[in-house]
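So, here's a batch of structures to check.
In the two complexes that follow, subunit A is the common piece, with subunit B as its partner first and subunit C second.
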Partner chain A sequence: MLRFFLARVAMAVPTLLIIIALAFFLMRLAPGGPFDSARALDPEIAKNLRHIYKLDRPLLEQFWFYLQSLAHGDFGPSLHWRDFTVNQLFATALPISVALGTKAMLLAVLAGTALGLGGAMSKSQIGPRIVDGAALFGIVLPVFVVAPLLQLGFGLTLHILPVGGWNDGAWQNQILPVITLALPQIAIVARLMQAALRDALAMPHIRTLRAFGMPGFHIYGHALRAAFPPVVSYLGLAAANVLTGSVIVETIFGIPGMGRYFVDGALGRDYTLVMGTVVVVAAAVLLFNLIVDLVLAWLDPRVRYESRPG
Partner chain B sequence: MDVSAEPLLQLRDLRVSYGATLAVKGLSLTVRRGETAAIVGESGSGKSQTVLAALRLLPRHAHTSGSVLFEGMELLTLSQKRLDSLLGRRIAVVFQEPMSSLDPLFTVGSQIGAVLRLKAGLPRRAAYARAKELLDLAGIAEPGRRLHAYPHELSGGQRQRVAIAMAIACNPDLLIADEPTTALDVTVAAKILDLLAKLKQSLGMAMIFISHDLGIVRRIADTIHVMRNGEIVESGAAAKIFANPRHDYTRVLLENMPRARRHARRDAPVLLRAENIGVKFTLRGGLFEAKRAFTAVAGVSLCLDQGRTLGLVGESGSGKSTLARALLKLVPASGRISFDGRDLAGLDRAAMRPLRRSMQLVFQDPYGSLSPCMRVSDIVTEGLRVHDPAISRKQRDTRAALALEEVLLDPELRQRFPQELSGGQRQRVAIARAMILKPRLVVLDEPTSALDRTVQIGILALLEDLQDAHGLAYVLISHDLAVIRAAADEIAVMKDGRIVEQGPTQDIVERPREPYTRSLLAAALQTGEA
Partner chain C sequence: MSGNLRWHRLAFQLLVRVAAIFFTVLGLTIETEIGCAAEAPALMVWHRGELGDPGSLDPHKAETLIESNILDELFEGLVTLNARSEFIPGVAASWTVDPTGTVYDFQLRPDAKWSNGDTLTPDDFVFAFRRLMAPATGAPYANILYTLKNAEKINKGELPVEALGVRGLDAHRLEITLEHPAPFFISQLAHFTAKPLHQKSIETYGSDFVRPEHMVTNGPFMLKSFTPNDRIVLIKNPAYYDVAHVALDEEIFYSLEDRSAALRRFMAGEIQSYNDVPVEQIGFVRSHLAEAFKVTPSLGGYYYSFDTRRKPFDDRRVRQALSMAIDREFLAERIWGGTMDPGYSFVPPGIESYGAPATVAWKDTDLFEREDEAKKLLAEAGFGPGSQKLEVEIRFPNSENHRATAVAVADMWKALGVETRLLATDTMSHYAFLREKPPFDVAWWGWFADYPDAQNYLFLGQSDNQGLNHASFSNETFNRLMQEAQREASPERRRAILHEAEALLLDEQPDLVLLTYSSRNLVSPKLKGWEANVLDNHPGRYISVAP
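For the complex of A and B:
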């Protein structure tokens, strides 16, 4: 198990380096630069700016500088918000996105599992179809339709929740964005869970439990355990995406999270900001993949003994 | 058996239907206290359906009617709660597949422990202690250590012992064993049968033993019920049925044990010669352990003439399949192999390819070895696409039809998918796939083990016809001496990667020298064959 863990971590480092390199050079290939604006800057000033940010050095040297500062945990100064470093921007934005994302994922796991379990347990033919249908609806409806509808209903008509803003994380302000983030995830988890449970319940070892007249909670406990692996595999990737912020949700609800930096950074050719978001997202994906692998190994003894790195 | 003992389980006019299809057609039988009743019949005859229906374990879309009385209680109308309180405590079941009937995600101890806690009301610690006793009772060595093992860490026989331990946990009055030995090697199966007979005696249980194999049933049953197409065609005391079978179908079942084949001696050239073959696998050690080498095959030499059959027998794990793969150069091996006078040692993959069409392989599992997403015609002709890429689509289709006819299948089946065929049909497809390339050597890896006796006979006869027609040489791998005896000219007995005894079939069967061969023969004899 330790060997398995170490091997995965060792694999993650070169992967991250490759992603950083790709992002760094691709960004520089894009036309334009961080100091372009409608009114051209004085050439002297532009030159000084480029000098201060070391943008006049050879590209490889810049890459090397970037890696060095990254190794110290420094994402560098933002080229667009010139009074802030990227670290400062992230320090306020990332906790907000993580707070919303964590709650959304928790909600998705709980509600999705409950729905999937309900569908799989239902004795009638209709139960599973209702869950499937509702889930399909949740997957198909785009976030930019759901969010304004929620604002309209709970904010403008019922006046019980604020339509937007962060308000230092007051719980009222979090409810609608969390629901919006969670809905498509709930739908996917419910569908995955229901399908996996239906397969699990048809397995011979579940028939054995029935043949021994074991109580329902025991049978469903075993079935859930067998149904979790595919759901966990999905949750890993979903968590990495949801926790690092959603552009659309954060924009609609006016939340100062990470999401907007994806867009603003790329449009403003804010090299350091783009690199920062890439590193954060890539690290999150790698981290959650590692967690998924560990959880799967914990869930299934066969993975635990047979899994080999590579 | 005491005929006057009171009835424990009575089935009256039991019917099971799936839509318009009747799986069980008005079946009645009585099992008395302490009796061992066997239900015998081919797969699909409704044996398992009968007991699953009696315990209400069938899927929801199955419709059950009739009456099932357990000690006078009607099981079909009992509340689920009261039925559950009987199941596991008074009535217990052992299923066929010991791998899949145990939960792979839980240790053996926790699964037996759960039955003891939830069905017998034992507290956790007492349940574990009792689970250990049960494993010991079921003949598992080191029960204390095995409690913490997961099912995949145990052998097939050990898993079945665990399933039996779980079944006897609450001292049931009735044990239902659904083909408990079918998935096991003969030697292991014989031991499991002994265990069941012993436990039945000491615990005073009644038993319903379901099997397709009359040879196995003969050893254990007091009464036999022969089933066919959802009906009981003959019932009676075991001794009577074996001595004087009245129904034609019972006679067919009794006669359907493979007979020894005629051994035509021919002076044919040597096709395959192997000298001193060895196969080693490297096992990865832990973080701080060195790698270990595992020797699967060591120092095996053999020789096979054109048009003849070499039978490789041995228990599972003895290296039979590995040796066969080494002979075809499918696993790296040391030693010398020559095929049709050509030394294979120096040939790389590309140089082997033209030779590959002359050496084909048929696998054991007709369910796993055919791709479920390809039509039969594509499966059968896939080899042609590699070896004869110039052939047109239409020609391929014709060839597929011819190949299916050769294995006595309806050519129309070529448009179907494998999962729409029966086990025997699938194995014929697998054979057609090998034969379409006109090979000279075919390795048959347990080609009949997953099949019923009656289907086995058909496959063996087909293989013999094909051999005579095309002068094929076979390497036939089986753990079943009855099959080997019926089909092989020569036998090589394998144990722990070595050939312990080798010679003409007649000699080996009649005058075995090695104790191991004798024990294999004894096991086959005990189950009523060979």
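For the complex of A and C:
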């Protein structure tokens, strides 16, 4: 197990390096720079600014600088948020995205599992169809439609929740964003869970348990364990995405999370900010992949044996 | 059957527990929240929605109107603006100008103080102006104050900062010497580049002087907190000399890029003002929020530049023809929902010192006649039926409204037999394009003046203004008129010269003026003291909030 873990970590480092290099050079191909604006700067002043931010150095040298400061955990100064370093920006934004994302994923797993379970347990044909239909609805309904509808319903019509804002993380301000983030995940988890459970329930060892007249919770306990791997595989990537922030949800609800930096940074050619978000998201994806592998290995002994060399 | 029942019960219990855990996690802070709310005293707070966040609270790193709005609350220059955007004395109580119009003697208020209690001295201005011009600061807007003696040379590293024409005469007198007479100099002093700075805190904390715990300001408000993409909280500055007349306890700026979401927050009462409205919802806003919706002409122009370096756009007749055929009323009303005005002058109307601007000769001519005239001009230039077909490409930054405008213009040009292609790029690419100036046909740009003076528009046509003269317009007479205006000390003669220059620019049409901007504000009726004005400037000093 330890070898398995170390091998995965060893793979992650070069992957991250390649991603960083790709992002760094691709971004510089985009026309324009961080100091372009409606009011073109005096060429002399622009030159001066590029010098201050070391953007006048050769690109390879800049890349080397960047890797060096990254090795010290320093993402550099933001070129748009000129009063902040990227580290300072992330220090407030990342915990907010993680807090919202964790709640949304928790809700998704619980509600999705419950729905999937309900669908799979239903004896009739209607149960699974309702779950499938609801799930499809949840998947196809885009976030930018759901979020305004929730704002209109709970904020403007019922007046029971704020329309937007973070308000230092007051619980009232978190409910609608969490629901918006969770809805598509609930739908996907419910579908995956239902399908996986139905397969699992048809497996020979479950049939054997039934034949022995085991109690229901025993049977479903075994079935759930067999059904979890595909759901866990999906959840890893979903968690990496949701925990690092969603630009649409954050913009509509006015939440100061990570997602907005990704898009604002790219549109504003804030090179250091974009690089920072790329590193964080890539690291999150790698981390969650690793967690998924470990969980799968724990859930399914076959994974462990197959990965053992020799 | 009983097994199935038990299962349902178990599943239900599981769900209940899960829900309980979930809401516990979600509501951990519920009790403390309610506890705090009950104790809080009733403060007067202006919840102010803005289109985005400031890039910096350092006046020497600022660039945008968003930054300007906040800096005006934090800092006060020698001159400042009142609620109607009229220039009034700020830190300077009074001033005199010598007969050459180049040496200003400012008498500072004796009661001007910094938020930490320090007395504000002329040296604070000397320090700030020198820092603005020092090349190491990298101030993007330093060139606005190139009116100061030796400023340009200092900013380009040719002279030391000590050579700047700003010095303290005694504890309350500041002398400023200019390169040349500039009747607009007093209005420049209200710009964010002309704010004083607290030397000691900058020397102690360096670029971190803008942090809430370090920042020392001299305006009506001081900084309490700044959370990017969330809000900036300002509180009343007790050391401000006119604090007795500042009603607000707090002013909170919210960064709201999503205009539709901002509209919903305004309707829910979470913000009391917002400085934009989604254009596609203008109809709804007009019918449901008529009392709160304020459309006010502002000092911004919406232009299409011709690349006058290239054929056929080097031909005045082609430029005039394309300009004449545009139905500006249609663009303003139908495309922009009445939130823009048709543009017939290069300088937007509304600048007091300039009076009514010059307009294009055909302003009052019927559109059909203009079309006929335009066809004639094009035929003279060698385009039209039986000869060459004119093809034009319009470049613009990608947004719904720019696109709709370009589509409408293309349609209007079609009537002249002109074939138009549209090319949209993202905003930064567009600005980079304008800066690098590769050959093009027609390109969009917009301009809001830094200070309300006609010169701040007309200098866009000077051939030595390479960065902003997008059309690459080069006309000796125009350049000469602009130089004459710069040397002219008499306001009346200067105005006449500038009018002449504008008329020439309109006759040549290197830049096709489509529209002039209006500000679109949502203002809650509870907000008192908010006055519509051409600069769309609304200082919190004059605002109060009705309960």
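Rule of thumb we're sticking to: the second predicted complex is superposed on the first by the 307 of 310 C-alpha atoms of A that agree within 3 Å, B and C clash if a C-alpha of one lies under 4 Å from a C-alpha of the other, contacts with A are read in each partner's own complex, and residues count from 1 in each chain.
Rule of thumb we're sticking to: a contact is a pair of C-beta atoms (placed from the backbone, for glycine too) under 8 Å apart; a residue touches a chain by one contact, two chains touch by 3 or more.
Please read these numbers as outputs of a predicted model, since none were measured by experiment.
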Overlay on subunit A: subunit C relative to subunit B, clash or fit: fit
Between subunit B (first) and subunit C (second), which, if any, makes contact with A:R129: first, second, both or neither? neither
With both complexes superposed on chain A, which partner does A:P215 reach: first (subunit B), second (subunit C), both or neither? both
With both complexes superposed on chain A, which partner does A:L106 reach: first (subunit B), second (subunit C), both or neither? second
Check the residue A:H205 against both partner chains and state whether it touches subunit B (first), subunit C (second), both, or neither. first
Would you sort A:K54 into first (subunit B), second (subunit C), both or neither based on which partner it touches? neither
Using the touch definition from the top, say if A:P162 reaches subunit B (first), subunit C (second), both or neither. second
Between subunit B and subunit C, pick out the one touching the greater number of residues of subunit A. C
Under the stated touch criterion, which partner chain does A:D36 make contact with: subunit B (first), subunit C (second), both, or neither? second
Quick one: classify A:A226 as touching subunit B (first), subunit C (second), both or neither. first
Cα-centre angle that subunit B and subunit C span when viewed from subunit A, reported as a multiple of 10 degrees: 160
What is the minimum C-alpha distance, in Å, between subunit B and subunit C after the two complexes are superposed on chain A? 6
Residues of subunit A that sit at the subunit B interface in one complex and at the subunit C interface in the other, please. 123, 215
What residues on subunit B touch subunit A, complex-wise? 55, 57, 60, 83-89, 92-93, 95, 97, 100-106, 114-115, 118-119, 150, 152-153, 163, 166, 284, 286-287
So, in the complex, the side of subunit A touching subunit B is made of residues 2-3, 123, 203-205, 207-215, 218, 222, 225-226, 299-302, 305, 308
Inside the complex, what are the residues of subunit C that reach subunit A? 3-4, 6-7, 10-11, 14-15, 18-19, 22, 25-30, 33, 53, 55-58, 61, 63-64, 135-136, 138-140, 142-143, 155-156, 207, 210-211, 226-231, 254-258, 260-261, 264-265, 267-268, 270, 425-429, 431-435, 445-447, 466-468
Where on subunit A is subunit C touching in the complex? 30-33, 35-45, 48-49, 52, 80-84, 89, 92-93, 103, 106-107, 110, 114, 117-118, 121, 123, 148, 151-152, 155-156, 159, 162-166, 169-171, 174-175, 178, 215-217, 220, 250-257, 260-261, 264, 267-269
